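Same chain, two partners: subunit A is paired with subunit B first, then with subunit C.
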Partner chain A sequence: MKIAEKAGRRTEARMHRTPLAWRNIVHNKVTMLFSVAAVAFAIIIMFMELGFLNGLYDSQTGVIAFLRADLVMVSRALHIITAHEPFPRSRLEKVAGLDGVSGVYPVYLEDIFSRLRNPKTGIKHHIRVIAFDPGDPIFQSRRINLLADKLRSPLTILFDDRSRRFFGPLRSGMKIELADRAVTVAGTFRLGPDYHYDGNLLASADTLFQLFPNQHRENVFLGLIQLKGDASPDAVVRELNRRAGPDVEIMKKSDIIAREKANWQKTTPAGYVFTMGVAVGFVIGIFICYQILYIDISDHLSQLATLKALGYQNRDLVRQVLTQGALIGVLGFVPAVAVTLGLYSVLTTITGIVTKLTFGRIALVFVLTLGMCLTAAGLAVRKVIALDPAELF
Partner chain B sequence: MVAAPTMEPTVRVRDLCHAFGIKENRKRVLRNNNLDLMPGEIVIMTGPSGSGKTTLLTLIGALRSVQEGSVFAIGRELRELSPAQLVEVRRGIGFIFQAHNLFDSLTAHENVSMAVELAACGRQERDHRCAEILSRLGLRERMTHKPQALSGGQKQRVAVARALVNRPKLILADEPTAALDKDAGREVVNVLKTLAQEDRSTVLIVTHDPRILDVADRIINMVDGRIVSDVAVRPTMLIVESLQKCPIFAQQPVSMLAELAAFMQCETFESGHVIIRQGEIGDKFYTIESGSVDVTAEKAGQPLKSLTLGPGDFFGEVALLTGAPRNATVTAREQVQVFTLAKDHFEEALRRSKTLEERLRDVLLRRV
Partner chain C sequence: MRTPLAWRNVWHKKVRSLIALCGIAFAILLIFMQLGFYAAARTNATSIYDAFDFDVVVLSPEYIFVAQAADFPRYRLEEVRAVPGVESAVPVWVQLGEWRNPETRDAWDMLALGVEPEQRPFRDPAINNQLPLLFVRDNALSDSLSRPEDGRLEPGINSELQHHRIRIAGRYSMGAGFIAGATLITSRETFLEVFKQASHEQINLGLVKIAPNASPRIIADEIKSRVWPVATALTRADFAKAEQTFWLNTKPVGIMFTTGVLVAFAAGTVILYQVLAAEVQSRLREYATLKALGYNTRFVYEVIVRQALIFSWLGFIPAFFFAFVLYFLLRIEAFIPVRMEPTRVVAVLLLTSTMCLSATFLAIRKLRAADPADLF
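Take a look at the complex of A and B:
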């Protein structure tokens, strides 16, 4: 009873402690401004590198996310979506009638002969052409599914508004030159470029075959498979893979997105470069935060030693320094998020690649920030532990 | 203030030795020290720098581990304690340093509160204790001020409040007035004295500041790792006052006089007593507090000279300066009170003070 009472009072005493860590930070406003700015700088580096990395992943898998499908069929020879590797259409038709499958839709792709002339400058740039049969409900967006109806007219295309600017501003109704043939812009949609493609066009399969003699209705790039409501995707994937044939592979949409990210990470230098960038930001952050805390501790050596003389244990002072580190991290984090939002939007405007700041990514950088500041505090606190109050005299 | 003999001392030091460094670099800084500090006592410790007084203070304050001998403080034998237990002991001791060591970022109230937070008590009680001690120190109107907005004396009083807020039974202060001007120093010491007496705490102050010697009940002098004198203050102050009347000592700093006084003995001689006999080996230096003496010298049975010395005069220095036997006989004319200083301490005083030696030779020249 008495022990419980004492413990209760101790907890109460702890709750109302003088907020020394906070006071030390905010005491000198100029120093605080510099500290917060310096830590924010390191956090922004991490956000930017992570932004590049996520921009890469998001944009490379954007086309799959853009399409509506439960399962996706691709050639087994395809390791990455940008590697154009078609498979025979018969494979897709073979699985159309199987249990649980409600519809199969072929998607075609041309990215070699598809050069679009900028109507203003006259310069031709490569663009990706995604083709399908109008009427197939293959887009996530209802608006595009409806808009796709316009592609029934021969030699019409839909232009991706988010394509890099050098394609020129293309508006609905304009006549442009694609693969040396005149086509009409029937409308626009928004997908966005990635690290491989600068822009996108949508066209009907018939238009595609008309424009590009190398293309053939039998050579499918992606097979989109939609399932009935009650079907179990995993079971259907297993069944389809068994039945479709050895040269194709069927995966859930989420799996192919994950595989795509993993491939980018492993098979291209970009994944390493940006991951390394995050690590560099983290280490710079440790140095900055360590420096801030080290200076603050050095300025307060006699005060901290006095606390030790008063009877403060090392663990009390360690907690003090760790709190101070964490607070600096949090203080730096808030402006860092604001600046990052601004920089991301600048990046999106310039490159067309959308860099999203999702909650999960903010949480990741927050955890990294805390890790960075606490590591620095852990390094700086050694000076406090080594303090000998006897030397005050 | 004399403590009742049955009372347990707040601090009891026995056969305390201490050394720093290892092996060939090992340097003994404390040798066989014994000391008792009683509740309610204010004790000042002086001594040249490097004499070991700081080491003694830190050992009593549980800031160092005892190596040899024993230190008993506020009810615990410190020798057997682990470093963590020593930290616990420190919570029962009030420390005051030369610098105030306050956090610039905290108000006076919060700085004091940092010391109370170690005790398990609620916020209300804590605030009450802080407010009370700060009020007692005359800082009621300054509680929410940060150190920047306080004067030097006020800052040191906040530091005193921080040391006293947990009502420690033992207060250790290191040069608490060194950074303060005369009035501020006085103020801090007075306040320390009043509070210590109200709470019957023991106060040990290391200081070189002669202006505050009078607050002490006892003065301890350390030289070379040993407590060489431990005297009640009242007699010492009397000697200092007396020495200040002596022409040769009048110009010396009070601190030096206090140090000399600590080594001086008071002796009384009846009328007709021969204090010094010519031809003897000289071992002491004398100053006359009251009464008068006859000085006579003879050569081959013939009297050479004769003179009378009174209060404020001194004698016995020639034999000490030259090393020759006493050159005269000194006899008490009436009841005489003198302060005597042994040869070693006299020589030490001369070595330390060029002006003292010059004055001495000056006076001698005129007397001859």
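Take a look at the complex of A and C:
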């Protein structure tokens, strides 16, 4: 009875307790703004570096994500999709009739002789040309699948609107020069450049062979395999790899995307640089947050001592400091996300590389933020624990 | 003798000072790293041209950067040679190709440089002296600073460039990491056999050497007026600047590194301010006591400024050594050519001191308002 009463009183007291951590933060508005801005800064560093890294991975695998396929067939010699390793078309046709396969579609690619002249400046830049048979439903986007029908007329192309700006503004109906031949822009789509390619064009396979004599219908760069609804991708991959031939490799779309990411991580300095950037942002955040809490505790030393003298336990004060740390983190996080969105769009305008801020990425940075603020609070709280009320009066 | 107050303040609370120092050291380290990456991208941008010996370069107006160097007719070099003050003009062919790693058989990008061996177009005599090896067909020299994906490019290795057999006959060190994974030097004949679309009559670069007392700018202008619009000419300095601008302001990697430097400066200032403001804040009572004891404000300021400088220098030392180690690791592990340049060390030290001082002045405002009477 007595225990229950005591417990009841305690919960009541907790509910009616003054939100000390919150009041402490908002007490001095200017200091609060400064502290929140400083923490937001550390969070923005993490967001930016993570954004650079994700921008690299997203853009580099963008072309695969852009195409509709359950499985992908590539040459066994192809270790990274920027390399030129075609495989014989017969390999793809061989698997077309196998169980579970609903369709196979060859994709061709040219990026060496494909120089596109900017109609305004006259300067030619390399662009990636992705070619296919216009009847094949190879794009994720329905709109592009329909638009692709326009490529049936010879020497027409679709231009990637997100390509780097130095290709010039190309609109539907314009006549432009690609590989020293006149071609017509039949429409635009949106894919975006990456670290390797500055822009993209879509063309029919026939147009490609007409423009580039080095290309041949038998030399396929990428084979897209779509499965029937009830087929199990893993089983089909095993079966296809057994049947297709030793010079090609069949992978799930998600697997080739993962392989591309791993390749870029391993072979470019960017992976090292940006991962290190995130770590540095995290550590900097700890120091900034620690300093803020430390100043705050120093400012309120006599109040804290009074609380202690009033009978508050160390436990209560520790909880209060940790809450304050977490609050500063959360308060800094909100403007940081807003600023990050702005900075990402600026970077996209300059580089053309799209950096997506997905829920998972926001959640990751939020967890890192809480981790950094609580670590800092843990460091700063020592001063409160060591506080002796008698010393202060 | 006077008590070294600033010094004692630093040593007073050791754990707290240590955390403050860590914060400062980290901020400095961040600046070192970002500046290092930026400088690496900058020097890397011109590393190929730094190896060539020329004062003025002739190139196509459609030239974009070294791996997308458009071509122009070779006979135009005759007009260049006719310009007074020009001593020599030699052609160079440049093309990005695919090199098959002899161990893994994977194909990787390789920038091939085709030269006429008898012209000795390089600055480094070590490269020029190996050029006669290239008179043998299908021979090439390889860059010892190539990325590991291209395989061990040692003399004697045979592999393929664009499906054409190549034998490595010698080595040089250039290091063009960001631009192409690796570079290779071949003779003109080998180059033209490897790259079927390249032609004897169409060259990518014309390297011009001028008389010792001639002005490169005047000669470049003169060449340009004669060969325009088929080709154009740039002095070595302008060319290097254009190439760096392309890498740092147009290529995504460069833009990311430039952004990184800006972020590092801003973050560094914020941290230093936070650390020093906290220092002043936590000793406000002591400083006020000094004021109450009759020390003038100037004396107190001096103590704080000295303390700030001690902090920044103490933080600088570990940051410098860490940066040194990290640069080394990045060179070995990630093949990023970052080096600790003396000018950078001095610049960062000055910068840190300036940032510390300005942070102190911001923090000092609090002290000016501190009335000794208020504090007790």
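Criterion: the second predicted complex is superposed on the first by the 386 of 393 C-alpha atoms of A that agree within 3 Å, B and C clash if a C-alpha of one lies under 4 Å from a C-alpha of the other, contacts with A are read in each partner's own complex, and residues count from 1 in each chain.
Heads up, the rule we're going with is that contacts are C-beta pairs under 8 Å (C-beta built on N, C-alpha and C of every residue); 3 or more make two chains touch, one makes a residue touch a chain.
Computed from a prediction, not measured in an experiment: that's the story for all the values here.
J.: Regarding the shared-chain residue A:H84, is it in contact with subunit B (first), subunit C (second), both, or neither?
T.: In the superposition, A:H84 touches subunit C alone.
J.: Identify which of subunit B and subunit C touches the larger number of residues of subunit A.
T.: C
J.: Looking at the overlay, does A:A338 come into contact with subunit B only (first), subunit C only (second), both, or neither?
T.: In the superposition, A:A338 contacts neither subunit B nor subunit C.
J.: Just subunit B (first), just subunit C (second), both, or neither: which does A:Q313 touch?
T.: In the superposition, A:Q313 contacts subunit B only.
J.: Quick one: classify A:I385 as touching subunit B (first), subunit C (second), both or neither.
T.: neither
J.: On the A-aligned overlay, A:H27 touches which partner chain: subunit B = first, subunit C = second, or both, or neither?
T.: first
J.: After superposition on the shared chain, which partner residues are touched by A:A279: those of subunit B (first), subunit C (second), both, or neither?
T.: Neither subunit B nor subunit C is touched by A:A279.
J.: In the overlaid three-chain picture, which partner chain does A:A65 touch, first (subunit B) or second (subunit C), both, or neither?
T.: In the superposition, A:A65 touches no partner, neither subunit B nor subunit C.
J.: Would you sort A:K124 into first (subunit B), second (subunit C), both or neither based on which partner it touches?
T.: Second partner only, subunit C.
J.: Which of the residues in subunit A come into contact with subunit B in the complex?
T.: Per the touch definition, subunit A meets subunit B at residues 6, 9-10, 12-13, 16-18, 20, 23-24, 26-27, 300, 302-303, 305-313, 388-390, 392-393.
J.: If you look only at subunit C, which of its residues touch subunit A in the complex?
T.: By the definition above, subunit C touches subunit A via 16, 19-20, 22-23, 26-27, 29-30, 33, 37, 61-62, 64, 68, 70, 98, 104-109, 147, 149, 177-178, 181, 197, 250, 252-253, 255-257, 259-260, 263, 266-267, 270-271, 274-275, 277-278, 281-282, 330, 333-336.
J.: In the complex formed with subunit C, which residues of subunit A make contact?
T.: So the residues of subunit A in touch with subunit C come to 38, 41-42, 44-45, 48-49, 52, 55, 77, 79-80, 82-85, 113, 122-126, 166, 195, 267, 269-270, 272-274, 276-277, 280-281, 283-284, 287-288, 290-292, 294-295, 298-299, 347, 350-353, 379.
J.: Can you name the residues of subunit B that touch subunit A in the complex?
T.: 54, 57-58, 61, 63-64, 84, 87-88, 90-91, 95, 97, 99, 101-106, 110, 113-115, 117-123, 126, 162, 174, 206
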